[in-house]
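All chains are identified by letter, namely A, B, C and D, in their written order; residue positions are counted from 1 within each chain.
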C-alpha cells in the first residue's frame, strides 16, 4: 500500500467539489480546484489550496476538457483525481487517461464504467449475474412488427426506451396495442436525433413504481458492502427532487434481498469504490434493476447520515488500495434522513430556471441539519451549469421527526435575488400523500403540482408595515439624488408562490 | 412619509414616521401602531411589532424583495408624490419578460388578443429547457415585440399588455 | 395526557435559548424570548416568535428576575417555561413558583433540584442510595482539630471543600499534614466571603482523576434511562473547555457499572427530565459521585450526536407527561463526538476575556458538524454575560476521525473583532497527550498552556502581500479625507497566539 | 503605492500596484509578483497568489485584522510618507492597555523600571476575574498613568513604555 494521495485534483465545481475538498482536508490532503472563467469567485475555488482556470464558461470548454484537467494535474503535482458527479465522472475514456498518466482515479476501473454505461450491455450483464431486470428484451428492436409481437407477448403497459438514452429522451409509454407502432417510430426518431443512435428496446411498464437505489462500496481486495437504500421517487421530468433513507415502504425481507442483489451486481463488474444500483420497486415489493451509477450520487449525504460513513473518505481510502475498515455487520441504518435539492427554479412556473445574484443567503442551522452548498451571499447562479443552490439534508430519530426538522429548517432558509424550490418543499412537507410515505415516481402530477404551488393571497399587515419601514429607513439614509432614482424605478412584483 | 406598496396585486397605502423608539405606521388610514426596528447589517433588520419578533432580510436595490416569516415576497414600493413617473414608465405587470437570456421558441398570442392571468403566452428556450411564460394579469396584448428565433437578454421584454377595455 | 405545550417561554439567552427554540419550532410550539436591554438584537430574540424586555443588562436585574419572567409568561399566554442552563435553571424556588402559576416547568420537580443542590445533602442521599462517593465526611467540620484527625485517618492528599461551594471557591488541596490547618482556615474564610456560609468538609483527593458524567433521562412514570457518558476532563479553573463522548479510557464494565449507578442516583430523588450525574474516575477505574446537575448541560450536543436523541425534545415531552418513546435497549453509543467551547477569551493571556464586536463571523460547515451559537456577524460579545461565542461539535466514526474533522472545522472558522480560544483548540488537536486520550482534570498545567500557546513567529509573505493589497484596494475606493484619517491612526499590533 | 506593514514585531515594506488583472507587489525590494484579488463582499476577498488560493476575511476599520489560512492576525499598516504622524502618536507597543472596562488591582512596576516582553506589569479586575497585563515589548516604564482602585474604560491606558536606552 502506497498510502493516501498527497494532493487531489477535484475535477468538478459547486457543492460536490466543496464537499469532496472538506473530506480531503480532514485527511490532511491538499486540494486543487479547476474552474471556468465565470467561476473565479466560486466557493470551490475559495475552498481549495490551489486553483487553475481551464477555460470559458461552457462545460464543453472547461469542466469537460479532460486534456486541460490532466495538464493541471501535472502542473500542480496532484497524484489523484476525484471527478465528483456529472461532467467526466462516468467517462471511461477519461478515467483510463488518468490511470495512464500514473494518477489515482477515485472511482471504479474504466471497465466497470463502460460495462454499466450502456443500458443494453449492463442489462445483459445483470441478467447473466442473476439480477432481476424489468421483463423485456435488451436487444435493440429494428422492425415495428417485432416490436408489436414482443409487446403483445409481454402484456401492456410497456415502455419503449432508447439504448443510449437518458433524461427521458427517446422514451415512450404505451398502454394499448394500437398505440405501439406510432410510439415505436417516434421513439426511434427521437433517439436518433438526441443520441445519434436509433436503437430502442421494449420493457414491461411497472405500475406505480418507486425508485429505490442501493449504495455499495467495494475495495480492491474483493470486499463489497452495501449501505442500505435510498428512495428517490419524488421526481419531476425524471429528475430527483427529494430523497429519503430508509424507503418508507420497503419490507425488511425485500431490503435484505435487494441489498444482496446490489452486491451481486457490483461483483459482476468487479466494482471498486462507491456506486449505486438503481431499482424499480413494484407495489408488490418486486424489484427490477434499472441501472448502475458508477460514481458518487448527489443524494449520498442521506446515506452518510443514517450509516455514519463518510463516503468520500471511503472513496479516497479504497482508491488508495486500503481495505474497507468496516464489515457489513458493522453497518446499521439508524434513524431517518431526507434531502431536498434546493434549486434556483420556480416550481410554480413549470420549474423555470431562475438564475441571478444571491442578494441574501442564510442557511438553516442546528441539531442534525447539514447543508451542502456551493454558493454564498453575493455569489451568482449562472445559466451555464446545473441551477442547484444547495442540498438541505436532515436527520431524525424517525421519519416524522425528520420531516418536522425539515420544515423548521426550510423556514430558516433565507434566500433573496432568485426564486428557489423552497416554497415547493414547504408545501410538500404538509402534503398528506407525502406524509403517508405511500407514493411513487408519478407523484408529481400536474394536479399535485397545482396543489403544491397554490397561491396564498393573504397578506400579513406586519409585512406591509415592514416594507414601509425599510423603505423609509433607506430613504432617510440615502442621498436625495439616489433616493429619487430609487422611487421612479419601475418594479416587477409578485409573491413567491407555494 | 407615505408609501404605496403593492403585494399580490393588493395595494396598501402606508403612512410611516420615525420616532425616538422606532417607527409609527398606519395602513390604509387605520390605527397608528408602533414597531421597533433594529438594523443588524446592510440587508437585515430585527423588527418587533408589539411583542411579535420578526427577523427580515431584504433587498431594495432592484426589486423590493423581502424574506418574512419563512417566505420570500417581491413587492412594488412607490412614493405616491411621484406617481406620474410610475405611470410613464408602465404599470405593474404591463409586460411579459424572460428572466433568463435565451431564445424565443413560440409566441402563442397576437396583438389585440384578450388573455387571462396565468395563461401561457410564449415559450423561451433557456438553460437547455423550454420555459413557458405566463401573462402576469388579465389584459389585452398591446404589442408583440419579438418573433420566434429571436435571442433575448435577461429580463428581455417579449410582449406588452394593456388593460381590458 | 394534556398534550404538548402550545407556547414555551425560554428563560435564557445565547446559544442555549436558540437551541431550545429550534426544538420548540420543530414540535410546532410557539416561543417567547425574554431579553435584557443590551440583548435587543440578540439571536435568541430574533429566533423567537415573541420577545419581551425584562430589565437592564446585569443578570440580577433581568435574566435572574423570576417575578418579571412569570409576568411575561402570563402576559404572553405561555403555558410552559424552559430554563436552559445557568440563570434560574437550578433555582428550586423559581421552579415552585412556575408550578404554582399553573405552568409546565421543563425540568425536575423542585424537590429534586433542592435535594441535589446542596453538596452535603446530595452526598448523604447518594450514600443512602448506595452510590459510591469520594471517601470523607459529608458533615460540616467546625474545628481545626477535627479536620486534622479526619484528614490523618483518610490519608493525604485530601480536598477541603465548601458545602455551598462551586466554581472552585472555598476549595483547597492539602498534600501533607502540616498544611492542613492553614488551608482549613483559609477555605472557611473564603467560603464565608463567597457564599455567606463557612461550612466546609473534607474528602479524599483522587489522584489523576478524570471528570466523567452520565446523562440520564426520566419520565413521570418511573422510567429512567441513561444516555452514556461524557468525559469533561479538559478544564481550566474548574471550567470545562473540551468534552467528548465516549470517554476514551472507560472500560466497558466500568461504563456498565457507572451508568447503573447514575440511574440509581436519579431514582433516589425521583428525578424527572434530563439530568447529569458527575463522577470522578480514578486511574484504577474506581469512580465516585461528585454532584448532579438538575438541568440540561452545555455539553449535551455530544450526547445527542452519539445517541441520536434530541434531548430538548425529550425534555419537553416528558415534562408534558409523555412516557419515554424509547427504552434503554434502543439506545446506543455510536461513533465519537467532541465539543469545543469557543470563548471570547485569550487563552495565551491567562484566558483574559476579549469582549467586542464580531467584525467577521463565519462558521464551519459540512458533514457531521454542528455549531450551536447565539451570535452572528455584526453582533457584540458584551461584558455582562458568559463570553461563550459558540459551541463547535463534531462527530466521527471514531475518535481519530472526530479529531481530524475538528481540525478542519477549526480552520474554517473565521472570527475577527475579538480574540477567541480557537488557536488554543487548534494547538490542542495536535497535542500528543490529548491525542493519546490519556489525560486527567489536571491536564492544563501552566507548562501545558505555555506549550499550547507558544508563539509562532514565522510570517507568510503572501499574508504580507494580502494586507498591502487590501490596504491599497481600500485606499483606492475611499475618499482622500477618510483615507488620510485611516493612515494616521495608531494601531496596536500582535498576532493571535497559539 | 507603498505600505509599511508590521506583523509579529517584523516590519515589511511593500510596494503594491493595481494592474488590469489584479495587483503586482514586491516585499522589501524583492522580486515583483502578481496576485489576483476578487472582492466577494465588504469584508471578504478571494486571492490567488500564482495558483495558491487564499480566502481572506478582514477588517481595516480600527485595527487591521485579517483571517488568513485558519489564523487571525492583527497588523499595523502605515503609509511611510506619513511616518511622522505615526511617531507623534506613539510607536507600536508603547502603552499597556486594558482591553475591557474594569478596575486596576495592582501595578507591579514603577517609572524607570526596565521590563521585558511578556512580563506581567499590572492586573485588572474585569468580568469578575483578575486579568494580568503584560508588557508588549522590552522597554523602560516611561509613565504609570493609573493607581490601584482606579476604574478603566475599555482600551484604557495604564502605563507607557519607552525604548531601553
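The working rule: a residue touches a chain if its C-beta (ideal position, glycine included) is under 8 Å from a C-beta of that chain, and two chains touch if they have at least 3 such contacts.
In this text the structure is predicted, and so the values were computed from the model without any measurement.
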Comparison of A-B and A-D by number of C-beta pairs in contact, larger one: A-B
Chain C and chain D: spacing of chain centres that average the CA atoms, whole Å: 33
Per the C-alpha centroid definition, the whole-Å distance linking chain B and chain D comes out as 49
Two or more other chains touching the same residue: where does that happen in chain D? 52
For chain A, residue numbers touching 2 or more other chains are 411
Those chain pairs meeting the touch criterion are A-B, A-C, A-D, B-C, C-D
Residue positions on chain C within touch of chain A in the complex are 18-19, 22-23, 25-28, 301, 304, 308-310, 313, 326, 332, 334-335, 363, 365-373, 395, 397, 401, 404-405, 407-408, 411
Using the touch definition up top, name the residues of chain A that touch chain D in the complex. 33, 40-41, 45-52, 75-76, 376-379
Mind listing the chain B positions that touch chain C in their complex? 36, 38, 40-41, 46, 48, 51-53, 55
Could you list, by residue number, the parts of chain C that touch chain D in their complex? 349-350, 352-356, 359-360, 362, 383, 387, 410-412, 414-417, 419-420, 422-423, 426, 455, 457, 459-476, 484, 486-496, 498
Contacts from chain D onto chain C in the complex sit at residues 1, 3, 5-8, 10, 12, 14, 16-18, 23, 25, 27, 33, 35, 37, 39, 43-45, 47, 49, 52, 54, 56-79, 82, 85-86, 89-90, 92-93, 97, 99-101, 126-127, 129, 131-132, 134, 136, 154
